[in-house]
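There are two complexes below, and they share chain A, which is joined by chain B in the first and by chain C in the second.
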Partner chain A sequence: MSRGISVATFFLVLQFGLLIFVFPQSIIQSEPSGHWMVIIIGWLIQGFMLRLFIGGLRTEKTSLLTKLQQSGLWLRLGLVWPYILSNMVAIGVMIRGHAQILSILYLPQTPLWVLLVLLIVTALSISYAERDSLLRLSLVIGAFGLPLLSFTIISAINYANLDMIFPIKPTFDFMDEPRILPAFSIFVNVFGLIGFFGPYAESEKRWLWGAWVVSLFFFLMNVYLPLSAFGQEVADNLRFPMIVLLDTVRVNWFFFDRLSLFYIMATMFSTLINISGLLWVTRQLAHHSSFVPRLITNPLIVGSFAIVFAYFVPSLEDLERLLLSGGPLRFFLLFILALASVYYRNRAKIGGQPRA
Partner chain B sequence: MLVNRSKTQRMHIVEQLGHALDFHIQPLQIRGIPLEMIALTSLVDVGATARRLSEAGREHASDWEELLGALGAEATQEDLVKGLLEGRTLILQPEGTGAAWVQSEVQQLNRPVGTTNNQNILVSSQTGFIEDLTTNIGLIRNELRSPDLKLANIDIGSREKRRILVLSLTNAADPAFVTDIEKALQEHANTPFASLQQVSRWLRSTPRWSPLPSFVKTESPHEVAFFLKKGRIVLLVEGYPEAIVIPVELPDLFIADTDRDYTPVTAFMIIAFRILGALIAIFAPATYVALISVNPDVMKIELIYSIAQSRVGVPYPSLTEALILLFIIEMLFEALVRLPKSIGPAMTMVGGIILGQAVVEANLVSSLLIIIIAASTIANFTVIGYHFTLVIRLWRYIMLLFASIFGPLGIVCGFYLMLSLVSSATLMRHPMIPFKPVTKKE
Partner chain C sequence: MRKRVRTGICLLAAWLGCALMTTGCWDYHDINHRTVPVIMGVSKGQEKRYKVSLQIPIPAERKLNVKVVSREASTISEGIDNIRTDVENYIDLLSIQLIVVSQELAREGLQDALTNAIRATAFPPKTLLAVTDSDMEELLSNTKKAITSDITTFYKFANKRAGWTPKTAKANLMESFSSTQSYTQDILLPIIKPGRETVLEFDGSAILKKGKMIGRLSDNETLVVNVITNRFYGADVEVLESASLTIRSAHMHWSSRVTENGPELVGKLNLQTSLSESRIEKPKSEHISDLEKLFLKELEQVTNKLIQTGADPLGLGNHFRSKIPFEKLAQWRSDYYPELKVRYLVDVKINNLGSLVQAE
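What follows is the complex of A and B.
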């Protein structure tokens, strides 16, 4: 039971940090109405990927991570190393985006590179530990982060005006809107980690599916709260609609003015554990390799690369352009990994030794 | 069968201990057989021992073996000097042969069993451990009359041996864990004993910079029984009036055994206040510095004015102000621990006046900071266990440093680092954050 809760909390905690960045504006800007359809499609894609990565409800004995660690040269060159590179870029994108947001909102005097280093150094602390340590950390982070997030969402609900969310009839305008692409990469990014934390027992999988259902609530809140407060026309022009909404919220009995501080704190926890998780997976994938691959995938080296990469991204707009092109590529890689997971599971079921 | 030894054993004893002021060698005649009694007068009441031996041997004995039988003597199988140093009494034949141990009348060197000295216990057994190992075992047996209580004895040290007892309940503790602990201690059996931290390093390979303790200390046998029933292992170290409970778990900071005596609702309330106290102790000074120095805009305007007014005339930044006050508090803590009881209350008053009034009137610190530091200091001690209060005291400074540079983000990062340390802390595969299915033990 306890591991099931940790895995489910890990899933939720990984999600909400990514929601702050490009998710709300991507969804709001992609469609004039009926945003719920885009969210549900993304959520279902997430469910589909989850099914591929972890399988049905039966207990699994295969570990994708172990199989990839033991894989042969061609699989490593064709799949594992591109995934490792993609992780490095993903870490760079995350720290750049969040450092920029923090610089804009709270720390305008602090040099950007200092914030980048701070995020990496903080996340490094647990990237050398075991898998269970990360799950325990996610449980504790969830215990602090989720109530903070819930508090901000509940405070913002007072400002919601249901009339503003109409019309709710969906259109298919998002299909030819490139700005939706980063949102989809956010939907699936979490599988870059969850898929490697198996094998999962039956009870753990039930908890994970439960967490997947709950995550829909966060997706909808992140989009519909700003929409219901500002309306489509105003929200369409906002870069960080949720943060602007939370800065508008006034809680009389509270001594803080800007509630977005708590939202940012909760998302920072999530971002840090995201980065720690990616550093951990990257290190684990080369665990049985020779000296040079292990050196390259050392969290310190990966973190340094991510800082350098993030520093040379000129602006937030360039970062978003990077997500436009890089997001689908990462999705494609994760999809191939998910198919690999299916392959290994099926081989294990028929009793064969999967060719690594 | 009692073993005869060579004549050189007496010479060896005299060589090793003969120079000591408390070394005593006394000729006796019991049942017509001459013998010598050797003991250390600092550990043995030689007069009472000699009287008892004389009374025991009233009738005539035909030989040495019969005499030893009448006196209830024991064979000497180990180092004689070591036995004398442990407070035993040796009898020898005048030629120096035929050594045997007899029952000693020990000197009362231990203080009587009383209440705990460094631990306050509410509405529960007040008995506390003392330095004597045998008494401590008796106190535990008094609380836990179970045949499942297992005691393993390990002597640590090269020339000077220190006894460590490993206690566990066979129907509660993980047998593999118990074996691992015993094995880890046995591997260092010839290492001189220095401190409990040294023992902790034998059991858990942690980096030296990690501030987290790997054990809980308790002076209460009642609490030890509670921990044993939960499947923990308890170490009793000779000469220490505390029991060492391993492994340490995060709930130990907030949940005491006496909480079970309350209703669930009230127990939950008390535990919640302890957790809140720990968070206030860690966050309060850092939050003050973060909000004053880095991000005052997140607070309400009325609060900003109020804080600004309280800081009028303070000539340095809030970080310096906080560090000065924290340093004074730390000095006060350390001084109060060492002060004689007659001076302590006076010093407390002086410290309070200096901290409370004079330093504010001199505009060295703001009055708000006094309130925050006082609250943080009091909140620090809501946590159970002195070791953990030290960790919180340390982490307060780390958070302060982060907060002064990065504001609220620094608090998040500092807290994340602390949680990472706690999440990755393990002792022989037992993590500090235990998440296991709840099983009912004895």
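What follows is the complex of A and C.
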């Protein structure tokens, strides 16, 4: 049972970090009303991918990671190495995005490379650990982060005005708007990790599906709290709607001045887990290979590459443009991995050979 | 074995990196070298467009010196920069509690200044805003003494559980910015003056439409607005012909619909009161109907006055957001608001008659 809750917390903690990044902004700006429909569509896509990756509620016998570790040449070149490259780019994008946000909001005078290195270096030592320690760490972080988050959300509910969330009729305007694509990539990013932490027992799978249901609540809260406090026409102009809302909240009895700091703290915890998970998977995938692949996938090397990549992205807008095209690409790659996972599961059921 | 050593070396490098990075030695400002201004004033300058004044407490041995520093500049950030040049400490703007704007500037329009203040993230969005029609330097010097003894003075003015009464308006920077962009909500800013025995005197409130001040409301009218927008907290004494009732709580419920003649609103106000004084031995029901008539008159007066100015600080447009399509909502203030008909129903309950018996 305790394994189950750590996997569920892992799922939730991974989602959370990307929520402030471009998510509320791209959803609020992509259409004038009815945001709940976009969120539910994204959530259902998540459910579909979850079904492909971990499949139903029965105990699994195979693990995608072991299969990929033992795979032959063509599969490695065609699937594993693009995935590793995509991981490096994803780490770079994440640290650049978060470093830029910290720089805009809290630390305008700190040089950017300091923030980039800071975000990676804390994740490095965790990536050398085992899978179980990573899950345990996510449970500890969830125990810190989720109460902080609930505290900030509850204090902001006082400022919400139910009338302002109207008009609520859903429209299909978002289909024409390229700004919705980054949000799409945020919905599926978590699967880069969840699929590789198997095999999951039956109780763990139940907890994972439960965590999927709870994440809908977080998505809706993140978009509808700023909308109900400010209204659509004002929130359209804000770059970070949730953070500005939290900065406006005044809690008289509390000794801290800025509540958004707690929100960002929870986000940074989640980024930590995200990066260390990605570094761990990258290291494990080259476990049985020769010297050079193992050198390339070493967390220190991957981290430095990500920092260099992140440093040379010119600005935050360029980063978002990268997400516009890179997001669907990563989704495509993860989709192929999901299909591979289904294939291996079915072969294990039939009783196929333990070779790719 | 070699693999373990290699992993150990990598981990050691990672931990060393952690130790170096998490000290944060890059850009700290020592607490001794910081100064934390509490109130900022923006008024019209004589040579340049703005005159920015900051009231800066400078900690000295065993006491607090409060200085008022003013500089003129063509933009507000340039003014703050000029002040930074001349003050010896690092000025930390993130703890400003109150920004006071002069009345001339408010009449010209604050939309650009508000937008830039939110963009720059220099001020916290929960800074309170106020308008003043007296001299800025006098206002800031007058409050010096109060700040010297208690630096949280301005927070207390706005704190519901400290000195805030429902006769004053309260608006923060984010709400004011929202009102310049919002289709259906305007805002009231309190008007303050330097007080003679007290720190500040409140002189009614200013109506802001799209960032421009277009009118004033008196104390009582501000109270009515606070009641209508469900911000009533505390107690307020209403004097009738033959009694005084203290209002303990006020809640407003709305129902709205759009007809061919225009939008219509019905507001039902529930007042819970207690009887504090009564001069003649009149039955309770008469006090109730007296207060209901008085309140109805005041509500209708204030609402009509506000509809005529064309600004909507009561947020009446918000009730129609689900009924009017979004593109047409952008013209709420010009197309629908002048035709709005509001009907009020007041329901008064006297819960507490005190220690004496009163007839029904």
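Everything that follows uses one rule, which is that the second predicted complex is superposed on the first by the 354 of 356 C-alpha atoms of A that agree within 3 Å, B and C clash if a C-alpha of one lies under 4 Å from a C-alpha of the other, contacts with A are read in each partner's own complex, and residues count from 1 in each chain.
What we mean here is this: contacts are C-beta pairs under 8 Å (C-beta built on N, C-alpha and C of every residue); 3 or more make two chains touch, one makes a residue touch a chain.
Source: prediction; values computed, not measured.
Visitor: Is A:F255 touching the first partner chain B, the second partner chain C, both, or neither of them?
Guide: first
Visitor: If you stack the two complexes on chain A, which partner ends up touching A:S33: first (chain B), second (chain C), both, or neither?
Guide: Once the two structures are laid over each other on A, A:S33 reaches chain C alone.
Visitor: With both complexes overlaid on chain A, does A:V213 touch chain B (first), chain C (second), both or neither?
Guide: In the superposed model, A:V213 contacts neither chain B nor chain C.
Visitor: After superposition on the shared chain, which partner residues are touched by A:L339: those of chain B (first), chain C (second), both, or neither?
Guide: Neither: A:L339 stays clear of chain B and chain C.
Visitor: First (chain B), second (chain C), both or neither: which does A:N298 touch?
Guide: In the superposition, A:N298 touches chain C alone.
Visitor: Looking at the overlay, does A:V234 come into contact with chain B only (first), chain C only (second), both, or neither?
Guide: The second partner, chain C, only.
Visitor: Where does A:F166 make contact in the superposed view: on chain B (first), on chain C (second), on both, or on neither?
Guide: It touches chain C, and chain B stays clear.
Visitor: Classify the contacts of A:V308 with the two partner chains as first (chain B alone), second (chain C alone), both, or neither.
Guide: neither
Visitor: State whether A:L77 touches chain B only (first), chain C only (second), both chains, or neither.
Guide: neither
Visitor: Overlap of the chain B and chain C footprints on chain A, residue-wise?
Guide: 107, 110, 118, 122, 125, 257-258.
Visitor: Which residues of chain A touch chain B in the complex?
Guide: Interface residues on the chain A side: 1-3, 5-6, 102, 106-107, 110, 115, 118-119, 122-123, 125-126, 129-130, 132-134, 136-137, 139-141, 144, 255-258, 261, 264-265, 268-269, 272-273, 276.
Visitor: Quick check: in the complex, which residue numbers of chain A touch chain C?
Guide: Chain A residues touching chain C: 32-33, 104-105, 107, 109-111, 114, 117-118, 121-122, 124-125, 128, 161, 163-164, 166-168, 230-234, 237, 244, 247-250, 252, 257-258, 298-300.
Visitor: Across the complex, what residues on chain C touch chain A?
Guide: 7, 10-11, 13-15, 17-18, 21-22, 26-27, 94-95, 118, 121, 124-126, 159, 161, 172, 174-175, 177-178, 181-185, 315, 318-319, 321-322, 325-326, 329-330
Visitor: Which residues of chain B touch chain A in their complex?
Guide: Result: residues 294-295, 297-301, 303, 405-413, 415-417, 419-424, 431, 433, 435-437 of chain B touch chain A.
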